[in-house]
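You will see two complexes here that share chain A, one where it goes with chain B and one where it goes with chain C.
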Partner chain A sequence: MNLKEIIDRLNLKVFTSRASLDGTVTGGYTSDLLSDVMANAREGNLWITLQIHPNIVAVGKLKDLAGIVLVNGRQPEEETRQKAEEENLPLLGTEENSFVISGKLYFLLKEKEK
Partner chain B sequence: MLRPVRTDLHLHTCLSPCAALQMSPRKIAALAKEKAIDIIAICDHNSAENIPAVIEAGRKLSLKVIPGMEVTTREEVHLLALFSKLESAFELQEKIYAHLPGENNPDLYGWQIVANENDEVLSFNQRLLIGATTLTLEETIQLIHSLGGLAIASHIDRQGFSLLGQLGFIPPGLPLDALEISPRLSFEEAKKKFTYSYPLVAFSDAHKPEEIGAATTSFFVADLIFEEIVMALKGQGGRKILN
Partner chain C sequence: MMVKIQGNEKESGLIETFSITGGDFHHAGQVSTQIKEILKELGIDPNIVRRAAIVAYEAEMNVVMYAQRGIFMLKVTPQQIKFFVQDEGQGIPDIELAMQEGYSTATPEMREMGFGAGMGLPNIKKNSDIFEISSEVGKGTCLNITIFLDQGKKQ
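Right after this comes the complex of A and B.
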C-alpha cells in the first residue's frame, strides 16, 4: 500500500517536509527497542515507536523502512528531524498510542489485501 | 587535606560513532585543562580503545584521566562504568565485545576512530558500538562491580537510552553507585525531581568539544584518584559531593 494513502487514512502528521512519501508500505513493526527493530523489522515496513532520538533514523535507513511513526503526540528531536530529511526517511506522527495505531494500520493493510 | 575537586566523568571520544571527529585525545585533554577540570573520565560506547591515548595526552598536561565505558545493556539502558585501573576497563571490554553483535556502518552511524595521544588515526573499530549488548542491566552492574568499578546510570533525566526512559522506574534494590544528570537539567532541579536514595552526579556526556564541562560534579576529596571518588559517593571519611 502507498505511504501517502496510509498517511491520509490514518490522519498522520508529517514532520519531514522534503522526504518522499511515494514509497510502498509492506507491513508494520511496533517496537521501542532499536536492537529488536534491527533484528526483526522488514524492508518497507512502517515502524511504530515512541523513541524520538536521532538513532531511530539510522536504524530506519539501515533496514530500508518506509517510514517511522511517532506515537502519543511525541515530537521528534530537531536533530532527528534534520537527519530524516537528509536521509529521505519520512518521519510521521500520531496522537494515538502504539496499540491503537498498530491496530488501525493492521486492518488497513489487511483490507487492501482483499 | 580535603579540598574541592572538579570532575567531568562522562566524555566521549571520536571512537564513539555519534561523537564529533574533533573529539581527539589531545584536544579533549587540552580543553578539559582549559576549563579547569581536575579529573575527566573517558566513557565511549561499549569500548575502551581510546582511553590509553587520552591518559597519555592528559599526563603531558598533568590532567587526571579515569578509565571508563558507557555500556548499552540489553534493555538499551546506558550505564557508566568507571575504574581505577586501565586493565579493568579492558577486561570489561573483552566481556562486552563477547556480547555485542553486529558490525558498524560508518555512513549511517558514523566513524569509530582509534587514535593515539598525538591525534593520529591508528585504526577504525568495526564493531557495532552504537548497538546493545546482550547483557541485562543486572548482569552488567554485577560485571562492573566484579572488576572493582563504579556503576552509574547515565543521564536519567533524558528519555532516550536512560534507565528511567527505558524501564520507567528503578528496579528496587538495584546496586547502582550513583545516578547521572545531564546538562539539560540544573542540579537544583534534579535534586527536587529525583529523590532516590542513590547519590546524584552531573556530567557533560560531551560528544562535541564545546560540550566538555557543560555539567561537572565537584567532590570534596583528598586526592585526584578514583578511590577518593568512591569514598565521596559513599560519604566516607568526610569525603562528599559538593554540588
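Right after this comes the complex of A and C.
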C-alpha cells in the first residue's frame, strides 16, 4: 500500500518536508528497542515507536524502512528531523499510542489485501 | 566523530577503514550506513547487504556504547565480506554471558534511548557466517566477522 494513502487514511502528521512519500509500505513493526527493529523489521515496513532521537534515522535507513511513525504526539528532535530529510526517510507522527496506531495500520493493510 | 582514514581498491579486493569515537551517539550509525552504501554500490546481493548492515550497525554501536574508540575495517573480496572491529574500552569479562540474548550492561540512559536490549552480539552472530570474538577486560574487544557472498558455497 502506498505511503501517501496510509498518511491520509490514518491522519498522520508529516515532519519531513522533502522526504519522498511515494514508497510502498509492506507492513509495520512496533518497538522501542533499536536492536529489535534491526533484527526483526522488514524492508518497506513502517516503524512505530516513541523514540525521537537521531539514531532512529540510521536504523530506518539501514533497514530500508518506508518511514517512522512517532506516537503519543511526540515531536522529533530537530536533529532527527534534519537527518531524516538528508536521508530521504519520511518521519511521521500521530496523537495515538503505539497499540492503537498499530491496530489501525494492521487493519488498513489487511483491508487492502482483500 | 567518524573519519574515513583509508581507502584503496586492490586486485585482492576493497579495503576501507573507519574510526569510531566512543560515546558519540551524535554520529552513531554513520559508519554502518556508509558500509551499507559501499556494499550496495558493489552490486552485492540485497539479502547479504541487509545481513551485513545489521552486523555493522550492532558492532558500531557496541564501540559507541562501551569503548573510548575503535577502528572498523571492511574488506570485500569476490568471495566474502570481512569486518574487523577493534576497540579500546572496558572489554567483556564473560563473553559467554554477553552472547546470551537479553543480557546487557547498558546504562539506564542508554536503555531509555532503546539500546541495551541484549540483542547486539546475538544479532551479529546470527547474521555472520564466521564470528570470532576476543576481549580483555580494561583493554578492549575485537571482532572478526566473515559473510560469504556465495551462500551456496558456505563453508
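Some notes on this structure:
The working rule: the second predicted complex is superposed on the first by the 114 of 114 C-alpha atoms of A that agree within 3 Å, B and C clash if a C-alpha of one lies under 4 Å from a C-alpha of the other, contacts with A are read in each partner's own complex, and residues count from 1 in each chain.
Rule of thumb we're sticking to: contacts are C-beta pairs under 8 Å (C-beta built on N, C-alpha and C of every residue); 3 or more make two chains touch, one makes a residue touch a chain.
Computed from a predicted structure; not experimentally measured.
Applying the stated clash criterion after superposition on chain A shows that chain B and chain C collide.
With both structures placed on the common chain, the touch criterion links A:81 to neither chain B nor chain C. In the superposed model, A:53 makes contact with both chain B and chain C.
Note on chain A: of its two partners chain C and chain B, the one contacting more of its residues is C. Look at A:38: by the touch rule set out above, it reaches both chain B and chain C. Of the two partner chains, chain C is the only one touched by A:63; chain B is not.
Clashing C-alpha atoms with chain C appear in a single stretch of chain B, chosen from 22-30, 58-66, 130-138 or 220-228: 130-138. Touching of chain A by both chain B and chain C, each in its own complex, is seen for residues 33-35, 38, 51, 53-55, 58, 61-62. Chain A contributes residues 32-36, 38-39, 43, 49, 51, 53-59, 61-64, 79, 87 to its touches with chain C in the complex. Those residues of chain C whose C-beta lies close enough to touch chain A in the complex are 25-26, 28-30, 32-33, 36, 50, 53-54, 57-58, 61, 113-115, 117-120, 123, 126. If you check the complex, the residues on chain A that touch chain B are 33-35, 38, 51-55, 58, 61-62.
Within the complex formed with chain A, the chain B residues making contact are 18, 74-76, 102, 105, 108-109, 130-132, 159-161.
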